[in-house]
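Two complexes come next, and they have one chain in common, chain A, joined by chain B in the first and chain C in the second.
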Partner chain A sequence: MKIFRIACVYAACLAVLAIFLAPIAWVVVISLKMRGDIFTWPPTFFGFKPTMINYVNVLSGSSKFLLYLGNSLIVASVSTVVAVCIGTLGAFALSGRRKRSSKLWSYWMLSFRMMPPVALIIPYHFLYQKAGMLGSLSAIAISHSVFSVAVVLWMTKNFFDEVPSEIEEAAMVDGASEWQTFRYIILPMAKAAIAASLIFAFLTSWNEFLFAAILSNTKTYTAPVAISSFVGEVYVSWGELAAATIVGILPALVVVFFGQRYLLVGLAPGAVK
Partner chain B sequence: MTIPVITSAIDADNEEARPRRVSNTANLFLIPAGVMSVLLIGLPLLGLLVTSLFEFNLTQMAMYRFVWLSNYVTIVQDPAFWHALRVTIAFVIESVALQIVAGVAIALLFDHRLPGLSLIRTLFLAPMMIAPVFAGMIWRLFLSDDFGLAKYLLQLAGWSEPPLWLSNPAFAIHAVVIIVSWQWIPFVVLFCLAGLQIIPRDLYEAAKLDGAGPIRRFTAITLPLLMPIISTVLVFRVIDALKVFDVIYATTGGGPGDSTETLSYLVYQQAMGFFNMGYGAALATVMLIVVATLALILIKFNERIAKGRA
Partner chain C sequence: MASVSIEEASKRYGSSKVLHDVSLDIADGEFVTLVGPSGCGKSTLLRMIAGLEDISGGQIRIGSKIVNDIAPKERDIAMVFQSYALYPHMTVAENMAFSLKLSKISKAEIKAKVDKASDILGLTPLLDRYPRQLSGGQRQRVAMGRAIVRDPSVFLFDEPLSNLDAKLRVAMRTEIKALHQRLKTTTIYVTHDQVEAMTMADKIVVMRDGRIEQAGRPLELYDHPANLFVAQFIGSPSMNMLHGTIGAEGFATADGLQAPLEPNHKTLSRPAIYGIRPEHLAIADFPAPDTLAVTVDVIEPTGAETQIFAHFGATPIVAVVRERITTNPGDRLFLRPDMEKLHLFSADGNSRL
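Coming up: the complex of A and B.
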């Protein structure tokens, strides 16, 4: 009886998993099919000759998608570096202090998570137009970095709050300045938390669509914008689209497998300690 | 890892942390983040407010004039606004309800201590971190009428003519609900699993001895103790659902007709489609007020639930 119950639990868990992974699995299958195989009905999961041609086409030098992936990589890297520098500093200033002003700042940073990004597209359009940066990668990177700063700040603040104050006090007694305490005591302790926030900041930018869409031109599309531009096209190579999608979601999948411990803190700042 | 409610995390620091030496250097550390957030969030929002008081279309650059609140008057009389509001509210209710119910159910299923289950739990999270635009693309390929696996599976299950999900006005919004829920049910599950772990197991043993069946144990122990977490999750899911944009852009483009035109999409269309910057800004401001108000109410409500149960 007990074994029967356990078997049922396994079966149900696997069924749920299968349902949730089916769409991704299907895109993998399509990405491995030749054009003719894609349209056979009934659709086949295994009975076809897999090909890498779609990946080769998407990632070859002549494909524009490679350029767009590069754009995504540049924007995400730059905004992540900026965010980690500025965010950890800010988190240190806000952690474990009792001043009323720091609480207000915490709420202000938390509110970014709640704000509809669409509210910023009109001001951003004018802002970057005035600055002559419309269509540039730096405009996108700057826009992304402010949200990444909030992500980093929240994730590392969580960690800094748990550092016992004795450690800081001991450093002070030994004559370390605030900056030295931060740089040589706190930062090295927070390596794991910073690494996690780095990954999340990267993904925040990598996945972002709206700002990238309104601030880019056909040379500075990021990967999500490029993918969405396929929508209106008459001739679509579904196999290549599927391959591009799989390449585009790889960073996200890596994070899920290796950064699971931090998912909650990264996704729901302020809710998890 | 424990999960108190949103914002009480901020309060908790202030109660628990011992006073540290007040220092000015540390406050300097906040300056870059502060300046950046004011320049890139604060001032733009102020700019939005100002723009909303102008009649201003980008295609007629010379033509902008101050019109006081007349854009807001137009909004109230605009059937497209009320339609978008209705679509958004229906979407929020349907998608959040689905996510919470399915999320709690799957969390209960996953909350068994069996070998191999942790791998299943990890794999299950895959949809969560994918960019919404890519999620939309994945589902376009999955739901395709020409080569979609979904159609085939539904036919196998006996539904000979499943609808064209994304191009049928009656189904499109439900398709968007399914896509968004697919992404975010794992988030609810992750939260609930963390919550289930802090419920003491002996409570269940005691209830069993008293003769409580599985349903009674769920309603009398699990649900009440999970409530603070469910309400926290609810806050995040409602706010995110209100803002839904990317998935719609990548799948239906607001259509067919205007059946999936949410508030975010309406703002985008006015601003970037018709270049009505003044009117779009007014719409965005209204949306901002709706989201902020709802967020404040939900967070207060959430705090009360947490305090009531603690």
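Coming up: the complex of A and C.
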């Protein structure tokens, strides 16, 4: 009976995994097919001659995809660093002994995430145009930071709130200023939460399409925007599109693979003791 | 080292006043315990001295300096918290060295101070361990070591032994007292345990509801409690209390029984509370005018002594005697109070007669 139950659990997990992985698997298969094989009917997962030509086309110098990948890396890295720096400082300002005045500020920060991003597209476009930053990587990075700051703040604030107030008081008595308490005591204690929020901010920026599409130009496309450019008005390069998609998600997969335990910690506030 | 002077200190949280114009002088090098039930204001007062709470009124001096508006780090104090408050990501050595690093003194000097403090507290083999790898007693010693390395003018202890088991508490009590005798630093120690207060302090300050009920040497509070609250708080088991009236015949309890009095007490002639400590009741072989006839409820022999739980009329009575007795529940027993150790309080318990 026990074996049957375990078998059922595994079967259910495999079924769910299959549902989530099927599209990815299909994209991988398309990326390895010649154009003729892509449109065969019925579609096949196996029984075709795999080719790397799509990857060669995407990664070759003429396609500029590597440049766009680099843009994504720059934007994601900068927006993550900015969001984590501002978010953790903000979380510290709203936690612990300072908590008494923080409720309004905390909810105001969270409201950034409640707003549909599409509502900001037109104002952002005008703002950056006026500032002469339209088409720059910094415009995209700043817009990504705004949304990530709120999430980083909430994730780290939950952990900072779990730090016993006596530890902060001990630091005060030991002679630490607020900044020194933050730098030497609170930050090191919240490493897991900061790592989780860092990963979350990076992934959010890496996968973001809307603001990148509106604020970039042909030189400053990010990976998601570049991938969408394989869909032409008349012609869709399915093979290159699939190959670019796989190449585009690889860095994010690597980040999630190595940081998954921190993500779990970050999604369970109060787990840090 | 420094004296501490608290002058009419008060504390408010909104409209609620939790400390009512408390005044207290602590001499240089003195070990003072603030003791009282939960919510009496002892920790609040300690935190005000440390600078972790604002002072709503009055002033606090450390040495000759008024410290009301001075940050904790400028007050030259060190504090040991109830939960130890060790930095979990630092080793024992790093915990102890943290305040010294902030003071920007040399590495050699930091090492020397940490080594000296760890030597005093027996922490040398543990310097590379993290707090999670230590027992409760070891963590408490690290917390004390972190305070000692700073060589402060005043040590503040906020119920440091509350989280330890009974046996360890006794051992650490002795260590803390020995440390004080060695370092001779002014120490203010908060506890709710009157045994800790009695055994450790040069001076005990008993607090209730944000006020000081009595301050003095331990035996002074034990022998001459100023009111009913202090009388019952100090001493374990608590002092026995009989409610009644002082008259020419003696002390008449509320249920019509007579308790013996000294002749000079009989002139008071008023409602009062008759107090006698359990250890000041001796077993008498026969009934006499100077004895209390009690009915035994429970006998508890502890080995070194015997605790007798009985009733005098409707009033519960506890006696602690050295001898071993064979008595059964329900038996009559005659207890002779030591008249020199008798206490009389006003009927409302607020003052000693």
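The rule is simple: the second predicted complex is superposed on the first by the 228 of 273 C-alpha atoms of A that agree within 3 Å, B and C clash if a C-alpha of one lies under 4 Å from a C-alpha of the other, contacts with A are read in each partner's own complex, and residues count from 1 in each chain.
The rule is short, and it goes like this: a contact is a pair of C-beta atoms (placed from the backbone, for glycine too) under 8 Å apart; a residue touches a chain by one contact, two chains touch by 3 or more.
Owing to the predicted nature of the structure, the values given are computational and were not obtained by experimental measurement.
K.L.:
Let me test your reading of the model: by the given contact rule, A:I30 touches which partner, first (chain B), second (chain C), both or neither?
P.N.:
first
K.L.:
Looking only at chain A, is it chain B or chain C that touches more of its residues?
P.N.:
If we count touched residues of chain A for both partners, the winner is B.
K.L.:
Looking at A:G239 after the superposition, I want to know if it touches chain B, chain C, both of them or none. Which is it: first, second, both, neither?
P.N.:
It touches nothing on chain B or chain C.
K.L.:
Should A:I185 be classified as contacting the first partner (chain B), the second (chain C), both, or neither?
P.N.:
second
K.L.:
Examine A:M172 and indicate which partner it touches, taking first as chain B and second as chain C; both and neither are also allowed.
P.N.:
both
K.L.:
Which chain A residues are contacted by chain C in one complex and by chain B in the other?
P.N.:
169, 172
K.L.:
Hey, which residues of chain C end up touching chain A in the complex?
P.N.:
For this pair, the touching residues of chain C are 50-52, 71-73, 77-79, 81-83, 85-89, 98-99, 102-103, 146, 150.
K.L.:
Under the touch definition given earlier, write down the residues of chain A that touch chain B in their complex.
P.N.:
Counting only chain A, the residues touching chain B are 6, 9-10, 12-14, 16-17, 20-24, 26-27, 30, 38-39, 41-43, 45, 85-87, 89-90, 92-99, 102-103, 105-110, 112-127, 142-143, 145-146, 149-150, 153, 161, 165, 168-169, 172, 177-179, 182, 203, 206-210, 213-214, 224-225, 227-228, 230-231, 238, 241-242, 245, 248-249, 252-253, 255-257, 260-261, 263-264, 267-268, 270-273.
K.L.:
Under the touch definition given earlier, write down the residues of chain A that touch chain C in their complex.
P.N.:
Residues of chain A touching chain C: 164, 166-167, 169-176, 180, 184-185, 188-189, 191.
K.L.:
Name, in rising order, each residue of chain B that touches chain A in their complex.
P.N.:
Residues 1-7, 9-10, 12-14, 17-23, 25-30, 32-34, 36-37, 40-41, 43-45, 47-48, 51, 106, 109-110, 112, 114, 116-117, 120, 122-134, 136-139, 141-142, 144, 146-150, 152-153, 182, 185-187, 190-191, 194, 232-233, 236, 239, 242-243, 245-246, 249-250, 253, 263-264, 267-268, 271-272, 277, 280-281, 284-285, 287-288, 291-292, 295.
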